[in-house]
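In this document, chain identifiers A, B, C and D correspond to the written order of the chains, with residue numbering beginning at 1 in each.
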């Protein structure tokens, strides 16, 4: 079976494995009092071109939820897209970590939030105690349907949020894929565009089991560290998480891996451009194949039908280690089906 | 500096590293749908000699808190020792995961709970709505002061708990150290003695970043899996956690590592038996050295003064990879100080 | 100013005041150990024609949220209408009391849920740990737009819910208004139609500050009483709440008050049937007046514009004590505006 | 049966009943937008001689827990007495409202916290993420064993708390009893002594079902109002709660009722001064009667044995409406038993 189910089926990059192995020597103080953990703020600060506070956690769900729990009070609400991972795929983690805040949903093509739709949704809320109060905006970069926000788009949304005292969170489980797909800097796509806290995904793009939470405003870290500990998300042997985060940037795999995944996905998209159900942008390809073609492909290829039953849509995801020959095979099969 | 601060400063055992490396080949479905995760119940079931359900999480705090959250309702209380890790060192994680249940504390030498003290504390509770209700007992094996519970002792406590409808949790962050210190089986020390759920520590004894939660009664798993996911404790690339748990048992390091740590600690204890402030049992040594001796040792050795300021007590912990020469040096230094 | 803002601006019925005064003699044990509280199950059991467990709480929000908290686990979700009070007007109380469960929204005219829409929404959920699980259905009777569910409609929804293991909650803040609007019994509209727990509103219909939570299946009470206490919702001097709940049924004001409110509202609705934006059914009247007419009426009458700004819709609510002459005046004013 | 079980078995004072009846005329906007609720800040501000923000809630548990939830983060801990109501008698409400903060217990005679004991307990905490952080002090006035704190004593404790950034909460379920027992002002006993928020008890001392939460620093109200709403503690028909709080102060019953209760209790205490197990101070009398005498009295008098089984201690509480003849009878019976 050739797998295009998700980039989380990938293995760990050799650079990360090597860094882990290199760190596995001798004693290191626990709970982040090691030299690798100490280096995180500096290395990530250089990457983003601004002082940051960086914390390792064990999953994207933890990264997202701890960010929301830190910046949204229990009586607040997080504006996010109807198809957002935090709404659909985290089993209520945001509600758990915030002490019962709500997610308030905004629609939009490509799982992207448009400023007008955000404004319309914000118009529902009134500044009285009967309703929850908008306190955060969370957007996904790249989105759950493979789209990207430009720095200008992020800025437009952040401006709306900040004017209302809302913090801005970016779920960057596939941040690297979104970044390399544009000719912009990490700074332009985050803090310069108003992002307050970023879940910077490492796992899907070559990491093992550590994601980075990046706070661009140190004063907002506030109680994050206490919340991380009481969530069981402070790694005991911190070096093995920190070293993954360091190697991810320092080895350059954040870029190489993302570029490769995007390039492979572009090949798939190019095979049947007329069937694309989303404009192609990163490492996910969405196609309206129809149920018959989906069935035909399912023998050789592992992938997810998408959307409601009978939609005929399919999603193909490439990862940093998807074999080129698997893409060859998929393109060939798709080519035959659409010719 | 020679470190005896804790066993969590140790590196990862070669057997675990090898298993991780071996697993780092090709594609594996995410979130535990991989062959290593699939094997957990079988391998741990054989180890314990009974059917079990086993789940990997990223920290001991998560293992403990998710266990409590699954088996204790928000209006319940967990009876535990005053010095228990869940009370002292987890920043309120049990309260977070249970939705605000209480810990009710029982004293006792060696951080051990005696049946009479448990009964006395239980006598405080009344079956009315004004007070929280005893719903769980949590004991630590080995305890936070290095002591062990015998199977008979665990049974006596479990009997008291079960007669009142309370579940029994064992915090086994150092379970292997407690097990090899006795001539008993893993079964005798757990389910045969009434333990319902065990936090089976792997990290301190050679693992990297995965602990095992072992449910001895499958019907009690109930909502554990949903709670794990919404806590961000379901590993994305599950194989790298599962393989640690498998290698831990299959390679035999659970025993070899624990035996070595205990043996080294025994050497330290034997150097100054008259100064021991706790009977020696596992891989932790507690000594009433006095502040002057503590200061004298602090230049060369890293360790924690213990108890309240001015108590003059110190704790030395050996891990699976503590250098024998570090123990030589500590024994020599201690010998000089006490001669 | 003549008020049609809501039925919660009404005073307390004389029958309730008298009952409170009558109970204000001598000593009564606290926290519900009084003879009035003792009588609740019997009196409500007779009203509903089946054994029930009844509990007093201080607000409709508390009644709803404690019901949800008892029957929905933290990883569950409550299916409810987009315009439901629990979603819009309780500042996240359901999320607070459930420990962070979600509300999942279903649309529909009249703030009513149709079986087909419920089924469609249920189709979104998958039985895996990544998403919250449907565990409850909550419907409002009468709805937030004044509509009623017939027993057949409630049954159809309950059947869908129960087949999936979901409990059924009815928010009956205006249950009496919905009941007297139909030729059916309280039993037919609740437990015979599959309702598991009812928030039976007393306050809006003549009460002072006590609502009834009615469990039709005693085995589901489970942990409700502990949750009520720890929410600060167990009245200290329980008699003053219990006596309100008793007098509400025993004096017959539940019916008289509701009938009067409905009758007055019917007069308003009949004044301008062509402007009704919702079919008239209970004690709420919704009209598309247009902004000009709304402004014209606002000098003399207190009422809420409804829906989004510019919708031109207005809501008029009659209560048990709305002065007949206020209705005369409103009908006259409306008549002039629409002629 | 003559009752001395608690002051919560009392009826409602005529002054409160009259005020409720007087307010039961015509329409009043809901949720606190009525003229009685509007007057609360002014009337209580005059009573305390400083600007305050005052909120009505339905129970003492709600008053306490909402105060703690507002001022203590989830990773914080509230220092309080081992015998505090919030620890013993609220079924974990503080943990629920704070999102899982801990209570950390301090012993001391008379259920009073001494500065030295508070300091000693504070010495346990370390400013790292592994442990919860002291963020509040909660003291009870009068205490659960009838004792009072002088302004000097409150000040000494508040100073310790404030120096560490901790807020100070006073559980004043019997605040009036403590106030009239001393020749001090309400101001001296609260904000001038460093109290940040007071649960000002009304119910036990003549009220029906409303307690006052008094914030002395308006800036600390912060999110209290949202939390009150989402706890179902915002009264729908707010006038009936507000009017209780107003009448309590304006009629002077806060003083008359408390003085009477204290005076009656003093008569009981004076009957057998040698048997007092606590120095007498307010409206509670604690005596070491021995089990035989307790049994002898139990036929005619309703009261609670106190402390652990076999302690032989009993508690007698007088309320504002305890019949003088009941006290006559109890004094006579006690006199016979001890002669």
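Here is the rule we go by: contacts are C-beta pairs under 8 Å (C-beta built on N, C-alpha and C of every residue); 3 or more make two chains touch, one makes a residue touch a chain.
Computed from a predicted model, the values in this text were never measured in an experiment.
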Practice problem: With chain centres defined as mean CA positions, report which chain is farthest from chain C. | Solution: B
Practice problem: Look at the interfaces A-B and A-D and say which one is made up of more C-beta pairs in contact. | Solution: A-B
Quiz item: Distance-wise, how many Å sit between the C-alpha centres of chain A and chain B, to the nearest whole number?
Solution: 34
Practice problem: Between chain A and chain C, tell me the centre distance in angstrom, where each centre is the average of that chain's C-alpha atoms. | Solution: 41
Quiz item: Between chain A and chain D, what's the gap in Å when you average each chain's C-alpha atoms?
Solution: 50
Quiz item: Where does chain B touch two or more other chains at once, residue-wise?
Solution: 31, 74-75, 90-92, 95-96, 99-100, 129-130, 226, 229-230, 234
Practice problem: Report the residues of chain A in contact with chain B in the complex, numbered from low to high. | Solution: 3, 5-6, 8-12, 17, 20-21, 24-31, 57-63, 65-66, 90-93, 95-96, 203-204, 208-209, 226, 229-237, 240-241, 321
Quiz item: Touching chain B in the complex: which residues of chain C?
Solution: 31, 73-75, 99-100, 129-130, 133, 223, 225-230, 234
Exercise. Using the touch definition up top, name the residues of chain C that touch chain A in the complex.
Key: 74-75, 77, 88-92, 95-96, 98-103, 123-124, 129-132, 308-309
